[in-house]
Amino acid sequence: MTPIQEKLTPPWKEAWQSFYKNKLAVIGLGIVIFFIVIALVSPWIAPYSFKDQIMAERMQAPSSKHWFGTDDFGRDIFSRVLYGARISLWVGFFSVLGSVVVGTTLGIVAGYYGRFVDTLISRIFDIMLAFPSILLAIAVVAILGPSLQNALIAIAVINIPNFGRLVRSRVLSVKQEEYIMAAKAVGMLDARILLRHILPNSISPVIVQATLAIATAIIEAAALGFLGLGATAPTPEWGKMLADSKNYITNAPWTLFFPGMAIMLTVLGFNLMGDGLRDVLDPKMKQ
Amino acid sequence: MLTYTARRIFSLIPVLLGMTLIVFAIIHAIPGNPAQVILGQRATEQAIAEVTKQLGLDKPWYIQYFDYLNNLIHGDLGNSLRTRGPINEEIWPYLTATAELTIVAMFIAIVIGVNAGIISAWFSKSWFDYVAMVLALIGVSMPIFWLGLMEQWVFSIELNWLPTTGRENVRDPITAITNFYLIDTLLQGRMDHFITAVKHLVMPSAALATIPMAIIARMTRATMLEVMKSDYIRTARAKGLRMFWVVYKHSLKNAIIPVLTVIGLQTGLLLGGAILTETIFSWPGIGRYLYDAITFRDYPVIQSGILIIAAIFVLINLIVDLLYVLVDPRIKYSK
Amino acid sequence: MSKEPILQIKDLKVSFQSGKKFIPAVDGISFDLKNGEILGIVGESGSGKSVTSLATMGLIPSPPGKIENGEIFFEGKDLKNISEKEWRKIRGNQISMIFQEPMTSLNPLFTIGNQLLEAIRLHTDLTKAQSIVRSIELLKLVGIPRAEGILKEHPHQLSGGMRQRVMIAMAMACNPKVLIADEPTTALDVTIQAQILALMKDLNKKTNTSIILITHDLGVVAEICERVIVMYSGQIVEQGDVRKILKDPQHPYTKGLLKSVPDLRGKKDRLYSIPGTVPSPGTTLKGCRFAARCAEVFGKCREESPELFKTEKDGHEVRCFLHTLNERSDKHVGVTS
Amino acid sequence: SNNSKETGGKKETPTTSSEGGSKKDTLVYGRGGDSTSLDPITTTEGEAYKVTINIYETLLNYGDQDTTINPGLAEKVDVSDDKLKYTFHLRKGVKFHDGTDFNADAVVYNFNRWMNGNDEQFPYYSMFGGYKKDEGHVIKEVKAVDENTVEFDLKRPQAPFLKNIAMSAFGIASPAAIEKYGDDFRNNPVGTGPFKFVEWKQNDKIVLEKNPDYWQQGLPKLNKLIFRVIPENAARLNALAKGEIDVMDGLNNSDEDTVKNNPDLQVIERPSNNIGYIGLNTTKKPLDNKLVRQAINHAVDKKTIIDAFYGGKALPAKNPMPPSIEGYNDAIEEYTYDLEKAKALLKEAGLEKGFEIDLWAMPVARPYMPEAQKVAEVIQESLSKVGIKANIQSVDWATYLEKARKGEFGIFMLGWTGDNGDPDNFIYTLLDKDSIGSNNYAQYSNDELHNILIEAQTETDQTKRNDLYKKAQEIIHEDAPWVPLVHSTPLLAAAKDVQNYLPHPTGSESLLKVEFK
Amino acid sequence: MSELLLEVNGLKKYFPITGGFLGRKQGEVKAVDDVSFFVKKGETLGIVGESGCGKSTTGRLLMRLIEASDGKIVFEDKEITSMSKSELRKTRRDIQMVFQDPYASLNPRHSIEQILEEPLIVHGIGTREERRKQVKDMLEVVGLSSYHAKRYPHQFSGGQRQRIGIAKALMTKPKLIIADEPVSALDVSIQAQVLNLMKDIQKEFQLTYIFIAHDLGVVRHISDRVGVMYLGRLIELAESEELYENPKHPYTKALLSAVPVPDPDIKKKTFLIEGELPSPANPPSGCAFHTRCVECMNICKSTRPEEHNLNGHYVACHLFNG
């Protein structure tokens, strides 16, 4: 055994190396970072305000002055798309965070304690999943009233069972692992086993799923926006921008094209990244 | 198998019951009084109070719920508040219209998705694999309402290849028998109508098929790759079996189980997700019907519509589960 | 005992892609399989036993695998450049293979009958009815009672031993000339293993099928093999008659291996253990691959890679410099434990 | 023959019935929503009347493009001096589609049916002050004098009585069919009109065909009439451009140029009979201060709104009813768009720092407010310039109306399309204190106004009435419970070969005379 | 030396087979069926048997990782089977386990240091520095270096992982170690290293082993006494020398004769037993082995044989009746 020769590679670094090998995933990460940066700096880089109406400049086709053209209020679409990144990422991230927190908690409880609690929680998940998600979201928004925040809540709600089930099944399978048996054999308390062993080993598919769910959440938010159940004016939410412009498809297609592309690219970025993460983090694929 | 099916159907009852309760709770939590909608902008306060009473909406919700359940048990979904028609009858054309759209979309998604997935896995890392998978990723990243609009713009307006909306040429209408126009037109031996029906189906079903197709392709590829690594595939090859049969017989049958799950889930999602497609393409389907019912506070319709969709969804997944048993003898449910 | 080689492997080198590099898993091995003999291949996990057998079947997964070099002759015919179609005629027909894992080597979704019939009808012109008769015959041959019933069953309804028998029946379906058995009994219990080994020996006698038996259990080798090849890190380190190798091993690795087996017959106080572990594939080492773990290592071992030296005794070969020294001296260094 | 451009490329077989050769005689009308009922009295919905006006006829008709009173099923009306007795002389020889005769009994049957109903069944009956059991009900009795004469006895004079009679909702249905179908009559309409009902596929299409026995010779011109539902405006326009439909309503103002530039299409303007307004809840702080309401009136830039979202077509409003209605007070001086004045008024009200408030925008498109959300954005922007921070809010339509009715809104957008062309239908309905809890969403209450309006209701001398209404408009202008925004001109589009399409201000018109070139 | 450390009496574990409507119990798997034995301080008791015969279940029952259906386990005069949870946790300090699969029994997300330190933390032993030192020491004991401490399980080979598994079991200085097939997954050359290590530390730490394996050679090598299990029952138990040289039970005889020996000269007495292991869910009546036994008598089919003690050589077979 030659001690010097073997390098120490911490797992995260290894993970990064194998993620880095996946070109598409890196592209995805690039896209995501790109949009995050845009979201952060949009107030400084946007050439115009996202809400100032200049009626004299309505519906102008893309030009050097307005790269993506202007909308029916004479607002610069490029600037609005930039600001829109904030909204979409914000909704995507926080709605998923909400579902992850609630879903994971329920999933762990169901998976670890089993029996009655499990049956109850699983049934609720079953029922929720049996509803078409967009209808459920519409219903939630209908109850709470349409606003960006409520759309976010609705999206979070409809995604809870996905995470719940995932975590539950992970917990159930991790529970069977020999190292959990080993942990019990050491005389560990349940709580410790749960927190130190089961949770960390159940979480990586959740991270993967969460990345992919952000993608879906962005689309869902846009869909709600499109149905008029999301962001309120003058918030430059991409889906709402589409909804506001859908009548201009023949005479001002740019008002639709760019927000649509922005949604697609962002979502694509998260999907690519999620795919890459899955390869790296999902232990099923490892070894 | 039979007992298993019976048992599964039996065990659906609590789910469906739970669903009715939740639907009930949700729609009663939604603010807005159907009486207001019925009476419209011209409503007076007394009129609204009166209508509310006539509709039985002033009773406590649990009484309403039991009334509803009671009717449900007798196979009666109630009457629409808006049209007064019995929902049992009213919902059928919507349901079949959506069913036709969904089935065609799902058919496209499965045929193309599964095969693309198989070929990608078979020739993994080939250019086909890369192209197909990047396309699939773009597919899942596509907001379908946007896709639908863009489709219309390109194929209907610019190229003038396909009709924009609807199910038929209203000037030369199709006579409904089953309300599945593809079937009806063939039954009537009207090839011209059949072609019209197909042309109307192309864009909405393509829009609707995009996401499930992409998901199925990805799933098929992933499970095929996994399966093709397995020992029994090696055994099959060691027998001297042609790769084609190795792939389409031995691998596919094994890979299809997770794909079936996805197909089941996606079909259910399509049913509900048709709202957007149906809006854009003016497809007289259940999604649109429900959406209108929600804006109209047509409680019985919302309730029954969601319940039916959910029941179909649950049923599809039951069928999927039963298919598992057919495909995989290891799943011994009847144990 | 002069039998003609039915299968000849010459200087086979197989690599697997890992990142940008190709890492050799089998690095230049050559051996003959004589007609009607049972040849054992032993070696530790990862030494390249399975890869060798897969290469013989033309089944190296590519990518990531690649046959970089070497020839395989079957009945004098070079298999290197034959088409996939010709390969299919050989696989399952002339050369058959059974695998280590009886639990996973049968397709779980098809009945035993289906899978067996498939094997038979691929290479023969038998009708379905005839194939069924043949399958039952085969199942009886491998000692399965109530063969008719089994045909309709699915793999999961059979125990491991039964499945392995089915695998053997399948492999024997077209009376292959060569049967490659890759650890056919590792997953089985000893009592079942004994049954399967007896069966294989029996088949070999009855049908004169040549068998390559891959295993890591020297006991199994002793039981049924005539000749044995010992592999280490993708190379053959010793090959020859089973008696010679088990009784008087020449290579320090073989010696160590033999000594580290806990013996049923008498209690040793301490087992001999070969220090260290097998070098992970791809580590480029100068000199002998076993040098780092060898108890008898000397200077040259770390500088040069030894050839496979033929000793004069009946085709026995050793890859060790000691051997060239030992030829003339009694300087044999004992292995200390 | 360009009668079918539907499925691009290949022409489909001509759809005309075999005799007429190639002349087009099927008209497809594309619209955004479906009817909810084809029994017009059971609904208040415009989409229903678009269809029923072709199936049923009323005793009296409006003019082709105005709300003057013309003969309908009744050839003549006699009015007693005390305005309490109306005698209708019915047209002879008219038959319902089911073959039964139209006569005085049928009229009596229909009116009795409605009068004895309730809100749920027949929501429009409020036009006559409620139902028979109600105190405010104006009709004492309807009786058949003879086969072709019907007499209406009123409890008290009602000025717009005849205008009400002409409303689509009061189309005369076949009593036999009502008896036959019972509750299902709404799906099986039978009237005397130019078109007969054929088929209704909900949310998809309603098919009507020519009534061959129609009493007016040579009419209708069309053989078949199909109403198709295409929810998205853009999709509907596409369908029109491709010839899938022949007429569409709900044309976006922004698409007007597209249509005009298309040689195959034409734009048709519907005469304005509506008001779109911003309501200012007079009971909510700080809107309870008249100065604040006036300030807001000065702060809204109607021209920009009209240019941007009404295609420049709408009329800026200064009164709560459109100028086409008798009694319109044109002397009123409108609150000009003047930010300085607005600021000054706010200052006077002690609110120079401005304030924050919710601005409720309608979630649906209405003829008077096709793009409410966008208009709200413009208003939001305008208000911000005088320091009022408006947050745009929205809920679904049902809740919106409910909240508005209950006075939960501060600033909100709404509007009204006239039912019968009478000023009462605007001013009393929308702004009288009696209407608080129903349509007086601004919760505006002014006793002086109330007295004037009540007087006008029973006053049957038209000039006197007009004066009363002019006075009323002055009071309203001063109190400014609204920002009257626009009187819009809803747009329709049609294929170039559609002729004689005369849109009616009430929003629904009979296609009796429409034909293809 | 002959002090009793552990005594097991009538131990049973029946797993219910659930299924059917509402998951009713439909039968049971008699994984361990009336097993009794004792373990003396400092010795190694080997348990062999074919797969599925209940070896692991027995091991787990001893630590009460699963609850016994019946029977008594006494460890140092304390009855494990009736302990409270907290007592049990304390006792687990003294009984540790080494698992078969070195890949699965270490949490892949924890570094070796964390893995080894954890038992100490759990039992509140030492300060952080002390614990870290102990980890380093223990790594040396099992033949690894302290620089390995920061690594993660997947960065080790199978043999090294099994050493870590052993180190982990040793951290709390237990008295008894239950090793469930600790070398089955390893290559022979590595297996020898681990077996030697286990022998060495047994001396060093005065450990008692219960060593479960299916490899008769390995068991013989390490055990003082050996028990043979068949279908949940302990059918023979004796001093290792005695058992291997003079097996009494027909099953043991068959088992021993089936093991291939790497010596081509040994002429095998062909003593193949026919058939496969019956299912524990549906064990044969009487003597569980009677279906495969060459010396089967009528009584074997009906009556379960008693355990006979022939001078410390226990055998459960009717051949030794009377």
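For reference, chains read A, B, C, D and E in written order, and residue numbers begin at 1 within each chain.
Keep in mind that, in the parts below, contacts are C-beta pairs under 8 Å (C-beta built on N, C-alpha and C of every residue); 3 or more make two chains touch, one makes a residue touch a chain.
All of these numbers come straight from a predicted model, not from anything done at the bench.
Counting steps between touching chains, the shortest path from chain C to chain D takes 2.
Ranked by C-beta contact pairs, the top pair of chains is B-D.
The chain with its Cα centre farthest from the Cα centre of chain C is D.
Mean C-alpha positions place chain B and chain D at a centre distance of 38 Å. Mean C-alpha positions place chain A and chain D at a centre distance of 45 Å. Note on chain placement: the centre of chain D and the centre of chain E lie 88 Å apart, centres being C-alpha means. Averaged C-alpha coordinates give centres for chain B and chain C that are 53 Å from one another. For chain D, residues that reach two or more other chains under the stated contact definition are 232, 234, 238, 395-396, 399.
Residues of chain E found to touch two or more other chains are absent. Across the assembly, chain A contributes residues 1, 142, 145, 246, 249-250 that each touch 2 or more other chains. If you check the complex, the residues on chain B that touch chain C are 125, 230-243, 250, 253-254, 327-330.
Residues 14-15, 18-19, 22, 26-27, 29-32, 134, 137-138, 140-143, 145-146, 149-150, 152-153, 157, 268-269, 271-273, 275-276, 290-291, 294, 306, 309-310, 313-314 of chain B touch chain A in their complex. Per the touch definition, chain C reaches chain E in the complex via residues 44-45, 159, 161-162, 189-195, 197-198, 216-223, 242-243, 246-247, 256-258, 260-265, 267-268, 270-275, 277-278. Note for the complex: chain E touches chain A at residues 60, 63, 65, 88-93, 96-97, 99-101, 104-110, 118-119, 122-123, 145, 147, 150-152, 154-155, 165, 168, 172. Interface residues of chain E, counted against chain C in their complex, comprise 50-51, 157, 159-160, 187-193, 195-196, 199, 214-218, 220-222, 240-241, 244, 254-266, 268, 270, 272-274, 276-277.
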